[in-house]
Structure formats: C-alpha cells, structure tokens
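In the two complexes that follow, chain A is the common piece, with chain B as its partner first and chain C second.
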Partner chain A sequence: MSGFAGFALRRAAGAVLTLLALSVIIYVVFYATPGNVAQITCGPRCSPEQVHQVAQQLKLDDPLYLRYWHFLEGIVAGQDYSTGTSVEHCSAPCLGLSYQSDQQVMRIILTKLPVSLSLVVGAMVLWLLLGVGTGVLSAWRRGRFTERALTGVTLAGIATPVFVIGLVLMIVICGQLELLPFPEYVSLSDDPEQWAWGLLLPWFTLALGEAAYFARLTRASMLETLAEDHIRTFRAYGVSERSIVGRHALRGALAPIIALNANDFGSAVGGAVLVESLFGLPGIGQELVHAVNVVDLPVVVGMVLVIGFFVVVANAVADVLYAVADRRVVLT
Partner chain B sequence: MSLVQVSDLTVDFGDLRAVDGLSLRLEQGAALALVGESGSGKSTVASALLGLHRGTGARVSGSVEVAGTDVARAPEDALRRLRGGKAAMVFQDPLSSLDPYYAIGDQIAEVYRVHTRASRRAARARAVDVLDRVGIADARRRSRSRPHEFSGGMRQRALIAMALACEPELLIADEPTTALDVTVQAQILDLLHTLREETGMGLLLVTHDVGVAAESVDDVLVMRHGRVVEHGSVGAVLGAPSEAYTRELLGAVPRVDAPRALPEASQEAVLESAVVEEGVVEGHVVEEAVVEGVVHGEAVVEGVVHEEAVVEGVVHEEAIEEGVVLEAVGLRREFGRGKRAFAAVDGVSLTIRRGETLGVVGESGSGKTTLGRMLVGLLEPTAGEVRDIGHARVGVNPAVQMVFQDPVSSLNPRRSVGESIADPLRARGERDEGRIRGRVRALLERVGLEAAHYDRYPHEFSGGQRQRVGIARALAADPHVIVCDEPVSALDVTTQAQVVALLGELQRELGLALVFVAHDLAVVRQVSDRVAVMRRGRLVESGPADEVYGNPQDPYTQQLLAAVPALDPEIAARRRAARRRAAAQESARHESARRDADLRDADRRESAVT
Partner chain C sequence: MSEAFVAVEAAGTGTQPVPAVSGARQFWRRLRVQRAALVAAIVVALLVLVALAAPLLTAIEGQDPTTYHPSLVDSARGGVPLGSFGGIGGDHWLGVEPQTGRDLFARLVYGARVSLGVALAATAVQVAIGVVVGVAAALGNRWVDQLLSRITDIIVAMPLMIMALALLAVVPSSFPRPVLVALIIGFVAWGTIAKITRAQTLTLKELDYVAAARLSGWGTLRIARRELLPGLAAPVITYAALMVPANITIEAALSFLGVGVKPPTPSWGQMLTSADVWYQAAPQYLLLPAGALFLTVLALTVLGDGVRTALDPRAVSRLRVGTGRKGEAKADGGVGTVDAGVAKPAKTVGAGVEKEVRS
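Here is the complex of A and B:
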C-alpha cells in the first residue's frame, strides 16, 4: 500500500500545482481584459464618485500580485470583508466575495455544485451504459446489418447538437405526448423521486451525444483487441464468440474508455451549460457564463478552480482504474 | 481410423493460394513435423485442422478429418467441441497468445469449463494440476499470476498446460519454441516429448527449424509454396533427402558442430593475418580495471600476464599495431534507478580488429543488444568507455554503424528505401543531391539490389531484401566497424545464408570489422573469427570460435551448446537423455534457487513496464 500512498501524495501535489497555475492564468487574463470592472459592477447609472468608491472597496486599484496574494491568503487563512456597512468573515478556504452580490463564492459554489453533479453523474451512468453497450453490440455483430445500422445511428448522434436533442426530447415527450411534465429541478435531499423525474430528460440530452462517442470508441478498440493473438487462442479452444467478445475483447478495450470517461466527466461538470440553460438547471455552467459576462472575477476563479479540481480528480481516478483493469500498469 | 486425415486440401486467401492440394495422414499417437520456410503454408494447414479459417474469408476446399470430426462440414458446436477438447493448439508467441488481463489459472480453467461440466472450483483445481504437470514450480500460487509475470519459457509451458487441460488426442504445436532461448527451447521440446510418451497423444509440429523437427518427431513433411516437397521418416528425409529443395534447405542450415566454412579467398586472408598476429595478443578480452580516469588493461600474451597502463586520451600504440579498430573497456550500463536498478551490461571489455568478425552470443536478457548499442554510441555507458582507435568517444560515431534486427521496423515505412540509405550521407553534411543519389544507387547494387529500387518503399521488399537495405544504410557512412544486432534472426534459413554471405563479402572487400550479435549459436559459429559468450551482462567465455565451440570451458557455454537441436535424430536422442539426467540432478539441487530466480525475473519485468 505504500506504493499507493506515494501515488496519492504525488497526485495531490500535482493537483495543487495545476490549480495554482490555473488561478494565476485567470487572474492575468482578467487583468488584461479591457473594460472598467468597477463601472460594470456598479451599474450603468453610477456616478464617477460611486464608481471610484466601488473600485476602492473591491481593491481594484491594488497591483495584480497583491490581489492574487490576498486571494491565496483567503484560501489558507480566511478573510474579513467590509461590505460598506458591516464586516463579514469568510472562513478558510475562502474564495472571496462576488463583486456583484457580495455573497461568498464558496457558498455560491456549494449551492450550484449539487445541481451540476446530479446532472453529470446521472448522465455519465447513462452514457456508459448506452455507449459501451452499443459498442459491444457493434463489435459482436461486426460486418452485419446491426453493426452498420448502429454505426449510422452513432454518427447521427455525434452530428446532432445537444440543444437540438434536448429541444426535440422536450417537445415530443413533454409537449406532444405529455408523458412527463416539463422538467424542473428539485434537490435530491428534498424529494429523491421528483429529483430523478426532473433530471430524466437532461440526463438523456447530455448522455445521447456523449454515448455516441463511447459507442464508436468501444467498437473500434474492441475490434482492435479482437484482432490480437490471444483472441485466436481462445477461438482455437472452442470458447464461444459471446464470451470472447464479452469477456476477453471488452476487457482489452477498457483502457481507452476509462481515459475518455475521465476527461468527459471532468469537463461536463462545468461544460454542460447548454443542457443547464435548456432545462433551467441552476448549475455551475450557467453561473460561470453569467460571471464571465459581468467580469465577476472572484466567482470566475472559484468556478474554474472547482471545474479544474474535478478534471484532476477524475483523471487520478482513471489512473487507479487503469491499474485495476490491467495489472501490468504500475502506479507511479 | 487415422487421427488426422487431410486430402487434397487447398486454401486460398484472395488471389493467393497458400495451400495447394495437400494430403497427409497422422495415426493415433504418432508425431509429424511440417517443415518449411515462411510462406510455405505450414501454419495455414495447422489452422485448417481446427477449422480456424471459417469466417475469415479464406476459401477452403478438400477434406479435413480430425479425431472423427469432419472439419469442413461439422456444425459450429461440433467444431467447438473439437477445438481444445480433442485437438488442442499451442501457439508460437507465448506472450501475445495469452490474455494479458486474466490470471493464467483462470484462463486454463475457462477453457476446461467449455469442454466439461466442471464447477469453477474443480476447473481451477484442474488448471493447477496441469500447470504442475508442465513443470511450473509452486503451481497453485503461480496460477494466480498474469502472463506478464511469467518468463517466456513459463508462458510457453502455460500454453502447453492449457492444451493438456482436456486431454486431447492431438496436439498441434505451431512454432512452439521459436520465440524462446535455446536452453528453454530444449526444455520445452523435452517436455513435449515426455508428455507424448505419457499420454499417447498425437503431435503435429509446425516449424521452420529443421533441428527442432529432428528432435521431436517420427515423420517429416517438407512444404514449399503450399505443396508437399518430401514426406518420410525423419532419418530418411533429413539423412538422405531425395528432393533438391530439401537438400538446399538442409544445406542452408548453419551447423553448430561444423567449423566455419570459409570461402577460399578469405582463407588466404586469414592465413596472412595469422602470420601478422603471431606472437602477439591472444584472446583479446581485456579485464576491466578502471582507476580514477586511468585505464589499466590486462592482456594475456601467450599465457604470460602482462600489464600495461594506458592514460586516457593517449593513443594506444600497441592497439594500432594489432589492427585494433575499436576497443571497449569496462563497459557497464544500468537501467532503472534506486532499488530497481540493474546492470544490463556489467564490466565488459573487448577489442575488435580490422577485418575480423567478433561473434557475441547470449540468451535474451544477457545484455548483448545493450552492449552492441554502446559500441555504436546509441547508448551512453554508465561506466567504462568505447575507444575508437585509442580516442575516447562521445556520441554517435559515423565510423561505427549498426544493422538492426528487425528489417521491418527499422526502416521508416513512409520513406523510400533510397531516402533511408541516404540519411547517413546527409547526416554527414553531404548536400549535393546528384552525388547522394549516385552513391545510394551504387550501394543498392553493392548489396545485391537494383539501382532502380531507390524510389521503392520498404513494404515492396521481402525480409531478406529489407535487411540488404539495412546493410546498405550502414555502409553509406563508410564505417570501419559494423555492429549487426541479430541481423538474420528474422529471416528464413536460405535467406539467412545469403545475407550472411553478403556480409562476409563486404567484409573482405572493405576490410570491415563486424560485431555479430546473435542468440543463434550455429549462425555465430559460421560467421565469427572470435566468439564472446554473454550471460547476465558479463562475458563468461571468449576466444577463437573453434576453441569456444570445440572445447568450451565455462559450464554455461557447455550448457548452451548441449541445448542446440541436432539434425541427426540419434544424436538428438542421446543429448535428450543426457539433458534429462542433468535436469534430474539439477532440479534436486536447485529447486528453490530456481524459484527465486523466476520471481526475480518477474519482478524485473514488472518494473520494466513502469
């Protein structure tokens, strides 16, 4: 287990460095962005004095490195903010206050994250089931009609934009057939059943396009495995095609599936904004787009760090799964 | 009823006729070898016996009957009962022929359960049984290992165990020892022999190696272009072949027990050089002793130990007198770091003289390739140095070139062969396109290809031709030493003989020194003036080829030579008996030691994966 502990430690250190680098990049990018942040934050009707006051309050006139230093300090030690009338304490790890609403960024994230995770985790289960299942079926029925039909369907799935899938699903299922009410987000802790019903369409919307990629990848890497010598061994020993495809070929095809899934899961946490807006889900993606529009630096940094965190963690988990799936892989 | 009855078998892959009207018969318990060069159709026949061409697009005609099953007409489930149940196949490459993701015991158990109604537990127990039977020590524990944790020989044993699981009547072995070292090959062939004696199963052995066939079977069938050339008992076919092709094939097989057959011209040259060398240094292995930048060489002059100190950077005068063109002193190369570090080459010193061939033999993992790469400068030694006529060398030296093992992967498939051969010229700074083209054309012709081949691509050439391209590329830089790393091990025997002859010609013509690195003891004997035997990174023995082969001093060299398959079946049988006696004594003494060594090997491989 010492090997694993070492691996975890090295990975954690790597993750911290990655996230630090991310935050620096975002600070620099926003610093270089044209436009008066104080003016935007204050609103169009603010007088120059008011704008000046806002700038002071938000410490916008401080040099960049000082602002970044305060930000790091907040994460480690927490921070006190004056919001004009009162002083608010933001305990560590503090990602600062939103320029717009004076809310703590950490709290904003904590309200948005469950929505995004509900969406992405559910969709991931679906895209894995659908995608890998379709891929296995294609590989098993290779060269036959089933495979050609499935290949066509998956190509269509990749080519169709996610909002088209979402709109069609919503119009047909909720509008025409009235099988489901129009989806509405209910939190899992409030009512698990309503939560699941409400997310059913978003899950499918996000998963269908994604599943097409997984189907193609699974099919391709299974066909590759099926051409390998050890498959020939089991054929020559009378092992049935079903067990050759389902047991030996699938196992050999797992590695690229694990890798793709790690990437897609990580990026979907912050990148499912289309699905979120389509179904009115108050998730990370929507909030991020809004924050970028109003140059709400603390919120953007916080969100990006959370997304980065998920990408890094998902990849570390993928590496562990690699090693479990293939004993030749040694974690270092 | 015969165990195998094939009549008028024809197999076509598209336009290619791989097997052309072949008939053969194998009785219960008999052993037959299909011998032929690559492309002769021998493996295609083996696959046809199990109906493995079904669904691959190959057209099969004629009738094939194996253990009472009509392979051509049997329904799918009858065919599956035959495969592994009545006739089991052992494949060539034991690494790629096992599923890397599952434990070896589980894979054998899976096959067993296909053919019996055994429970999981019983099947697992059966797997341990057969693994034990094929000589896997501590079979219960090792059955939980995955293929990468086994050595090559153990994997081949595991595949044989899988074949034995259902007690088949027929064992089809397709090149079962081709990927193995010679000592391991001998063990596997002995194992097959013993199993056949014990179980009475029939054996169909597919091999390109006539020696392997002589060791293992009663009858031989020589194949060429999908047809039978000659068929008869081993003694008759190999002892007194009646067909010209068989004679040609046997003639091309390098003999480990025959002295080097030199072409007349070179014999004179050797006589001359022998006169020059008389009274000088013999057995040029210089013992290592590196002391703070000062290199002491210890040379044995006709039995008298004579010490000479050579200070770095100073030209070794004596070396020039002896015609030494390349000298390696105390070479050591480690791979890995910390606890995982191991020395692939560990203190090797040697000299190479103008116009001579130094053979370096050793089994896989002995460090011979690492040594070759250090001589060329492709690898930096961890300690010691390579001196090119006395000068310490840094980086790649154009005067020392390399010919690589695999002529397929050592040529860039996307560039014409002419471009590949021109690389060393361009690397040397030649910019005149006309001169480059002219030189490359001349080189192509020199190695027996046509000047017009300049614009062709590697896939348009056969293996032997590709190796000629590799040789032309090595010649391009006007080297005085060429290191050949297994230059012929991927080639058929007749092609092998041609390439070896070409190297010899070039050597005489250009006064090249050759370092011939190979695992094949017979080939090395046929090409080398002097031979160095490597084991675990060290030189265990070296000297003139005839001395090393005729009167090997080191036990390891003796063991290697005893393991080489003999072409004469009688000698083969005697050697086998001797090996068995030795093995019985050995196993009694070293049972536990070997187990440790296997484990260490497995550990090493594991760390190599990282």
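Here is the complex of A and C:
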C-alpha cells in the first residue's frame, strides 16, 4: 500500500504546484494589465488621495515579483493593511481587500460559499443518479425503443444551454403551474426544509444538462464493458441479463465515471454561475458577475483562485479515486 | 471495395497519413452516409446562409436591428408590445422587442451572425494556439515540453466560464465587443487541442517519412509545416467541430450574464436576459432566441458527432461507405450513438488519467 500512499502524496504535491502556477498566471494577467491599476482597483468614484493610498497599500512601486510574493505571504500568513489612521488585520488565507465594497475578499467569499456549495453538491447528487441511471437503462435496453428515446432526450439535454433550461423550468413550474415558489436561498442551519425547497429548481436546472452528459458517458462505458470477455463468461454461465447489466457491467463501467465526475466539477461551477444569476441566489457566481461588471479586481482574482482551488483539489481526488477503483492504473 | 475504404484502412494502421486532397472527398462521402449528420449539415448550412444574408433578409422585411420604435410599445404598461402576439404583423414579421420596440426578426437574424461568427472565430483562435503549442511541446526539448505541458494542464483544469468572465473584467472596453468575446473564449479553451496535437505529433514524428525528411536536411519548421500538419488534420478537425457548439453556448452564456456581447449589437443570449419578465405578453421574445440557440447547438453537436465518425478509422466497418446499396447506407453512427472518444467538447475526457492506464 506504500506505493499507493506515495502516489497520493505525489498527486497532492502536483496539485499544490498547479495551484501555485495558476496563481502566478492570474496575478500577472490581472495586475500587469495596461492602465492605472490603483485607479481600477479603487473604483471609478475614488478621489486622487484614495487612489494614492491604494497604490501605497498595493505597494505598486515594487516590482511585480515582489508584489506577487507579498500576495502569497498574505495567503499563508495573513497581512496588515494600514488605512491611514488605523491598522486592519486580514487573517491567514488573506486574499486582499476589496476597496470598492470596503471588505476583505476572503470574508466576501466565505459568506457566499455556502450558497454555491449547497447548489453544486446537491445538483451533483442529482446528476449522478439521473445520469448513471439513464445510461444504465439505455445500455440495458440497447437496440430497443427505450434506448432510442433516451438517446434523443440526452442529446436535447446536451444541446440546451443551462440558462435556457432554467428559464423554461422557472416559467412553467413557478410561473404557470405554480407548483413551486420562485427559488430563494435559506441557510441550511436556519431551516433545512426551506433550504431544500428553495434549491429544488436550481438543483434540477444545473443537474439536467450534466445528467445528459453522464448518461451518454455511462452508456458508452457500459457498452464497452459489456463487450468484454468476462461478461461473455457470465452469460455462458447463465447469469441473468439484468444482473449482468446492473451489477457486473456497471462495476466495470464506474471507474471512468468517477474520474470524469470530478473533472466535470469545473464545468458545473461554470454552470452554477449561470444558475445563481438566473435565480438570484447570492452565491460566488453571482458575486463574480457583479465584480466583473464593476471591475473589482481583488474580488475577481480572489474568486478565480478559490474556484481554481476547488477544481484542482477535485481533479486530484478524482485521480486518486480512479486509482482505487481501477487497479489497472499504473501509479506514477 | 471502394478506394475510400482502402485509404482509410491504410490510415488506420498508422503507417501512412491520409493524403489531404483526396481526403476531403472521402470525408464527405463518409459524412453523407450518416443520415442524422447529413440533416444536421443542411440545418447548419441554412443557419450560415441566414447569418450571411441577414442584411438582405432585413431589407426585404424593411427593418433593421437597432432602430427604436417607441410608438409600437405601450409605455403605460412598462413597454409591452402593442397589438396581438407581441406586435406580429406585415411590418414586423416576428413582432417587436418589449420596451424598445426594436424589430425581433432583424435582431434574431443578426443574432445568428454574432453567434456563429463569434463561435467560429473563437474556434479558429483555439485551433491556432492549440496546434502551435502542441507541436512546439512535441518537437521542443524536454524543458520546453515540460513548461508548455504544465501550462496546458492548467488551462485544461480551469473552468472556461470562470476564466472568460474574469478576463472580461480587465480587457479595455474600447475593443469591439464580439471580437473581444471571440478572442477571450479562444484564449481560455485551447488546452485540449494542444494535448491532442502534442500526442499525435509525438506519434507522427517517429514515422519513417518524417525521419526521411529530417535526414535530407529539412529544418524543424519545414517538417512541422509540410510533414506533420497534414497528419494532424483529422484529430484537430474532429475536436474543432465539437468545440463550435460549445463556443456558441459560452458566448450565449456570457451575453446572458450581461458581460459578453452588449447592446445595441444583438445576441441570442443577451435577448434572453430579460425574456422571463415578458413571457406572458410576448412569449416569442423568449421562445425565438431560446429555440434558435437550441437548434443551432443541436445541429452543430450532431454534425460534430458525424465528423468524428467520418474521420475515425475504427468506424469504417460500421459506415460501409460506397457500396451504394440502400439498406447499407444507414450508418450506425446516427444521433448520439457514437461511443468512443470525446463525448463533450471543452472536456478532457480522461486526458489526465489515460496516460496512467496500462493498456
């Protein structure tokens, strides 16, 4: 098992390196842009004195690599910002200050994170159930009407942008049929029931497109496994088709699905931005769109890094899970 | 047995690249036998035609996409279009936009220009960067390869939408918006093409004819251009075909969020931004752009699947090209029945994992 532990460790180290490289790229792209960084960071309504103060706090006279180093220091050890009269402390994972909203970027993100996590995690459960279920069903009924119908539905699901799905669902279910109230976020700790009701439609919206993708993938993976020799042996022994598809083939087909689910996390996060904006859920995505619109650079940089963190971690976990699930994987 | 079959057979063994010129004919033949892909190709051709002929079509209608018609909306009721069915009539074939009274038909057909134009331009950027980075990584020394491959990994790992959104914040707004959106989508999503190109180039450069070119004293650039690029065409075209619908969706999404293509330039995604408010008074304001998006992405996705099947050497036995018999012309690779390979663009299907799997 030491080989495996080593693999997991190396993969974790790789993830840290990727994150570092990502932070360099992001930092350079956003803070080495043409134009007055202090003015952009501070916002259009800042007075010259305020802009000057921001320039000093960002240490804009330092070369770029030093500023980047300070930024990293802030993430690891926290940072103090002097606001002229007082000193504001920004504790350990410090991503800087948003001068436009006068808050620490990390605090903004932390207040929005539960909403986005609720959305993505709930939707992920749904799309895995729906997607894998549909994929298994169409592999089982291959060549029949059920499969063709499911194939059509999945294709439609892949071709419909997530915000169109959301718009239609919202208008039909909340507007016309009035089956559900318009989505609203209630904190899980406040009222779990309201939390689930309020997120039901966003969950489905985000999950449907992803489920279609996973249905396709599961079906393809299942068909591949069904063509393998050991399945033929099961057939020869008279194992029922139902048990072959539902148990033996599914087991073989699951490994790539697990790996892809985590890789797919990134695209789901992108979808979450749209779902949050559409339904007005106060999550990271909505905040990011707002920050982009008002060009609040520290918030944009912080959000991209936090999202990048989640995606990189998800990918690393996926690789490790994949190695656990499929012993043919060579650990390098 | 047709010559197309033989040529593909040869390509499948990996000893000889498909000649570029006769490849085009053979490709078309293998695409044509897939009924769904053929229908999709026709739909796409029509959409492109509509986009190109947008000025002509609106001239026939006698409208343009940007003129406000305040007299056609009821300002007392918040700008609901006057007349039945959202103002549909002889002057305005599909009605007018709520609040502004701009002609909906004109905005829809000009929106097709933006959608297809941005998506195709973005795909071109993705292919250009991806191929250059991929070839450079495969032909360069160990350090070049390491550096480029790591950067590619990061590009692949980052969510497209997030990166595109973030970049839109820093680029000066003086840039023409559709061009900007196309460039940004292009710059954040070339990773997978680079990976595919690198892998394919590594295979190709070991082949005898490349070695022969090297021995006869050709430089790296000349070898890359003359000997490697033709061999890269099939995988790159396959992936590019799948990228186009993905790019359409991303442009629509960015414009829907209000950070992509901005008014007065019409875009389908942008039209949907406020469509939910008006769905009762003017349902076509929601249904038309949504339907246009759906149809376009669907047709391009099916076409992309068809292109992949047509270029996949392994699919040759399923396609039975060129026998001309009716029953056989029905290809197995119809709507969504293609199993292998990349199922969804902008994804790295097992890319990071595949290399670790012992075959």
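Criterion: the second predicted complex is superposed on the first by the 274 of 332 C-alpha atoms of A that agree within 3 Å, B and C clash if a C-alpha of one lies under 4 Å from a C-alpha of the other, contacts with A are read in each partner's own complex, and residues count from 1 in each chain.
Throughout what follows, a residue touches a chain if its C-beta (ideal position, glycine included) is under 8 Å from a C-beta of that chain, and two chains touch if they have at least 3 such contacts.
For clarity, every value in this text was computed on a predicted model and none was experimentally measured.
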For A:T233, select first, second, both or neither according to whether it touches chain B, chain C, the two together, or no partner. first
When the two structures are overlaid on chain A, which partner does A:A196 contact: first (chain B), second (chain C), both, or neither? neither
For A:G152, using the defined touch cut-off, is the partner it touches chain B, chain C, both, or neither? Pick first, second, both or neither. second
Look at the residues of chain A and decide whether chain B or chain C touches more of them. C
Figure out whether A:L137 sits in contact with chain B (first) or chain C (second), or with both, or with neither. neither
Examine A:G175 and indicate which partner it touches, taking first as chain B and second as chain C; both and neither are also allowed. second
Once the shared chain is lined up, is A:H248 touching chain B (first), chain C (second), both, or neither of them? first
Check the residue A:V304 against both partner chains and state whether it touches chain B (first), chain C (second), both, or neither. second
Look at A:A291 in the shared chain and tell me whether it touches chain B only, chain C only, both, or neither; answer first, second, both or neither. second
Residues of chain A that lie at the interface with chain B and also at the interface with chain C: 326, 328-330, 332
List the residues on chain C that touch chain A in their complex, please. 150-151, 153-154, 157-163, 165-170, 172, 245, 249, 252-253, 256-259, 269, 272, 275-276, 279, 286, 290, 293-294, 297-298, 301-302, 335-337, 339-340, 343-344, 346-350, 352-353, 356-358
Looking at the complex, which residues from chain B come into contact with chain A? 50, 52, 79-85, 88-89, 91, 93, 96-102, 110-111, 114-115, 146, 148, 159, 162, 606-607, 609-610
Along chain A, where are the residues that touch chain B in the complex? 228-230, 232-240, 243, 247-248, 251-252, 325-330, 332
Mind pulling up the chain A residues that touch chain C in the complex? 17-18, 21-22, 25-26, 29-30, 33-35, 40, 151-152, 154-156, 158-164, 167-168, 170-171, 175, 213, 216-217, 219-220, 223-224, 256, 259-260, 263-264, 266-267, 269-271, 273-274, 277, 288-289, 291-293, 295-297, 300-301, 303-304, 307-308, 311-312, 315, 318-319, 322-323, 326, 328-332
